[in-house]
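Before any comments, here is the structure.
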Amino acid sequence: MTKSEYAAARIEEISGTNPYRCMKCGKCSASCPTFSEMDIKPHQFVSYVLHDDVEALAASKSLWKCLGCFACVERCPRDVKPGRIIDAARQLVLRQRGNSYLSADEISKMEADLPPQLLVSAFRRW
Amino acid sequence: MQELKNRIAQLLADGSVQRILGWKKGEMDYDAEPAFFETQASLDDFVYHGFCAANLSKYMIEAAKLPGKTLVCLKPCDSYSFNQLLKEHRVDREKTYIIGVGCSGKLDIDKIRAAGIKGISGISEMENDTLRIETLEGEKSCRRKDVLLERCHVCKGKDHVIFDEQIGSSQDTTDGDRFAAVREIEAMAPEARFAYFQEELGKCIRCNACRNVCPVCNCRKCVFDSTKFDSVQKVNADSFEERMFHIIRAFHVAGRCTDCGECSRVCPQKIPLHLFNRKLIQDINTLYGTYQAGSGLEGKTPLTEYHPEDAEP
Amino acid sequence: MQRIGVFVCHCGSNIAATVDVKQLAAYVKSEPGVVYANDYPYMCSEAGQAMIAEAIQKERLSGVVVCSCSPRMHEATFRKCAAGAGLNPYMVEIANIREQCSWIHKDMETATQKALVLARAAIAKVNLGTPLQEGESPVTKRALVIGGGIAGIQTALDIAEAGYEVDIVERTPSIGGRMAQLDKTFPTLDCSACILTPKMVDAAAHEKITLYTYSEVEKVSGFVGDFTVDIRKKARSVDADKCTGCGACQEKCPSKKAPDAFNRGLKKRSAIYTPFAQAIPNVPVIDRKTCIHFQTGKCGLCAKVCQAQAIDYTQEDEIITRKYGAIVAATGFDMIRLDRYDEYAYSQSPDVITSLELERLMNAAGPTGGHLERLSDHRQPKEIVFIQCVGSRCADDRGKSYCSKICCMYTAKHAMLIREKYPGTKVTVFYIDVRTPGKNFDEFYRRAVEEYHVDYIKGQVGKVAPQPDGRLLVQGVDLLDARQLQIEADLVVLAAAIEPSEGVRPLAGMLTAGIDTNDFLTEAHPKLRPVESATAGIFLSGVCQGPKDIPETVSQAGAAAVKVIGLLAKDRLRTNPCTAMPDVLACNGCSACANVCPYGAITYEEKEVAAPGVRETRRVAVVNSALCQGCGACTVACPSGAMDLQGFSNRQIIAEVDAICR
Amino acid sequence: MQIDHKEEFRPKIVAFCCNWCSYAGADLAGSSRLSYPADVKIIRVPCSCRVNPMFLLRAFERGADGVILCGCHPGDCHYSTGNYYTRRRMTLLFSLLEFIGVERERVRVEWVSAAEGAKLSETMNDFVKTVGALGRNIRLGDLRCRN
């Protein structure tokens, strides 16, 4: 297993989703409130994981633009849950930084325009 | 026991039931046996204590053919067997009056003997969960929980799944893992497993006690006694019991066995026959969802049911 | 002891080149029961068959084994030959020494040895065989069609045209079904009513067809050729013989509060009503739940205005019991409920509608007289958004896992019709895929795009938000442009998934017809028997079997009719004698066999059982040999071996096993 | 007792094939001349669900070294549900046999459609190879039934 395959497998594991179920309908992107802010769009998250390109996903702006509102998770007709994928990618990044969750001290070191909802969701999970 | 005895005497006296199916005092305190009681006088011999392990539900198949109502005393685990028989239309609920009797675990005389207590002349159950045993060498005692039947350590619970009334209190005895022994064997190498069962089943004398006692082994004509499979030919196989009888028996009760443990209890050769049933129950639980035979009257048994996505053999 | 003749076929050199046929014929002579053995170049030829027939008679054979090609090839041939010579055809067995021996082995000795073993197994089987008689069962020459939509009507018409009596049972007050609700039909855009109504009239007028509208099937018993069905004819409260269909009662009825189901609730109807103007029969029914007379005992206006004195408040439900030879399920479909799709605001705004509601809005006989308008303010919509796959192709429990199949085409139709009639309207369609496999279907869709400039956007809608000004903010995505779109629409049309009609599951239970997890009735074979249920005598027509459009439904209706006609054309049914046979002495009555029987062929009876030492009445299994197809599932479910399969008995199979292992 | 484990060992294989799919698959293997060892002898049954565990054990008792059951693919059963029952029955039976120490490889269920002549041939080749490698069936057999 290559490093990127491994990362993709981890994403699937953490998110608990099966990206192969996606039928590319785009309802996630249609639902996303921060769509315009994102460089990689929610419906594309899935194909990045499918094509083992987690690195690009981890480096994307989208990672920190997703509010974690889970509208896409709720509405996805195929139960693929792109919101969870991006959440998992964020989690991978956080873990690489040595943490399994966001600690309050780190907030000052982050980009100033992070949406507060994201911060809440980063505290909340795992 | 007195409360139970009074109640059944009353039901017999007022004609509510024609007979009682219960346990009769044996020669020794530990060999109570199943019996029908039809008169008040005969009730003198009625007993219910820790050695009344026999599952009475199967006798209700014959009782269904007798005129009038039969009162049967069922322990919690026996009530599962009765339910299963009811589901298979083998007993007649209309002609049955069920007293669910309490159970605090049943005792294994072999375990008492194995503990070195010999020459037993009398056993009495004491309040503080101990047994007082009179022997030729004087009075001895042991703790109840050390001499329970194996099945009581993995008891399904002390609730009756079917009854008309309940008498007597119960005490939980579950302290073991029902499938631990199965997993232990599964962990052995195939050769070792084969050797183990060859040794155990090699003891079988084909007395049919397991078949006769098993509540769901209730065929009017067993395949091994019928001419339908050309299988009544014990003599020309060198180890028919190991290779055919017990496998098929386990298979025929699969999905129907309530795990009452009677097969192992009555085996004169002490073959752990319940292991086959437990193995199949474990498989059914993991492959097709947890299933307890006899817990209800609705639905199909796992082997008369399927799911399109079932596991492959 | 049997007297068995063995006939070894050379099949030219097909067998003889690899199997020593002479030696084989010589070997088998020493097998138990064999009194005659011979070989011949072509056993299936006339001369070969004559050889078998002659041997049967001369040698007084009680059984025949033919060592030849696969039984799937010539078993029927040799059985017929045996029957002609006076031997029970089921005393013939085939040893397959061609496909399963000579053709796959090269070494003569190996192949000859194997052929001998295969012959032995067949001989062992015949030794334990018993002559079997094909059963016969009568055929009632009348068919029942459940459901009076286009599927049911077409099936009934086709059966009736062949000269058989047909009854249609329809739950609602009129036949016509979903098709009667439609405006136009794709891909030809002809008016639905114009092509359906004549068929409805034909069905009503046909001397062989009886309509039971406002009726439901209550009980089904029996089996192929001989079903008995109870039909509940619900009280109409109107005497159909007297009613002239003038409509005065409906006009005068003061209770006009009930939602009009035919118009999908977009309109109210009176308590006494016919669902639509062209209803057949044109006899109203009183909906007793909303009728003032039935609720309060007052009113009675309809009875007063009815000159024919047809109103009968005392009418009661009637049970009609009839016998049928065949039953066709044509129960159709409905749209799924959309209350779990809150993001599309279906329950929040009257201007978010389903496609079927749109059909009514565009229909000249609909609630708006065919004028397309918003239900909220009656304005004509200028911007319309269509959303595809609402509840179809879903992996979650909100929708259905399957493709509803008809939505792509009817949406193209709607879009086109709107652009045709109101050219100033902007029409946008959000799609995941456009599926157009059908004659002239893709051309039709392309016309919508190329000629009518309907805006097809690959992507989905995430949210529909009603705005204070009454418009609908549609937030969707264009995946090809990777753009999120915000469209201010006046009307949003949802292509809601279709699902089998309510009540199919209990009906399937009555018919013992298979039904899948989505409540579609299951065909006997997905490829080869698509219009038959696995239960003999039950046939499937239309969407009850799976999503399909009108042309497909009509073809399937015709196919089902042909199957019914084929069945009814027979005076008696030959039944396969290789059926399950219980031994009442050994039967426990435990129901295990009935639980696994896919045909509902096993029932239980209290029977008197007499044997040495036994005389009692007890519950035992009874196999209906007309229903049993001989799969043998019951024989293994039976722990006592009381259930056996004729022609493949336990002892026969064990004898084959023994012969092979010998 | 001397058990012959030399190269000459040819296993005895009993195969049960359902009439509608697998038996037809075997016919197709034949007409396509896709060979498999002569050790395999096929018994035709209407459906795989006709196969009683008694038949399997009987075969072993009488000296079979392997038993294979072939039926229609799940979902394609001619009788719509027969092979679903087969699947559960054989899953449990095989598990029990394995539990008592019988070599798991001696029994097999394979779904072969009428179109899969090649699969039938491959399956049989593989099964003969597998069982051949195991050697004679001693654990379930009755030595007196050996010739």
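Note that the chains take the letters A, B, C and D in the order they are written out, and that residue 1 is the start of every chain.
Assume a contact is a pair of C-beta atoms (placed from the backbone, for glycine too) under 8 Å apart; a residue touches a chain by one contact, two chains touch by 3 or more.
Everything numeric in this text was worked out from a predicted model, so none of it was measured.
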Can you name the chain that lies farthest from subunit A, using the mean of each chain's Cα atoms as its centre?
-> B
Distance in whole angstrom between the CA centres of subunit B and subunit D is 37
Between subunit A and subunit D, what is the separation of their C-alpha centroids in Å?
-> 50
Between subunit B and subunit C, tell me the centre distance in angstrom, where each centre is the average of that chain's C-alpha atoms.
-> 47
By residue number and range, which residues of subunit B touch two or more other chains?
-> 223, 229, 303-305
Which subunit A residues sit where two or more other chains touch them?
-> none
Two or more other chains in contact with one residue: find those residues in subunit C.
-> 596, 637, 650, 654
Report the complete set of touching chain pairs.
-> A-C, B-C, B-D, C-D
For the complex, which residues does subunit C have touching subunit B?
-> 583, 585-592, 595-596, 604, 616, 619, 637, 639-642, 644, 650-651, 654-655
So in the complex, which bits of subunit C are touching subunit A?
-> 343, 389, 393-396, 398-399, 430, 432, 458-463, 475-477, 479, 482, 484
Over in the complex, which subunit A residues touch subunit C? Could you list them?
-> 21, 23-32, 35-36, 41, 43, 71-72, 75-80
Complex contacts: residues of subunit B adjacent to subunit C | 65, 87-90, 218-223, 226-230, 252-253, 300-301, 303-305
Please name which positions on subunit C make contact with subunit D in the complex.
-> 70-73, 96, 98-101, 103-106, 110-111, 113-114, 117-118, 121, 514, 522, 524-526, 534, 578, 596, 598, 629-633, 635-637, 645, 648, 650, 653-654, 656-658, 660-662
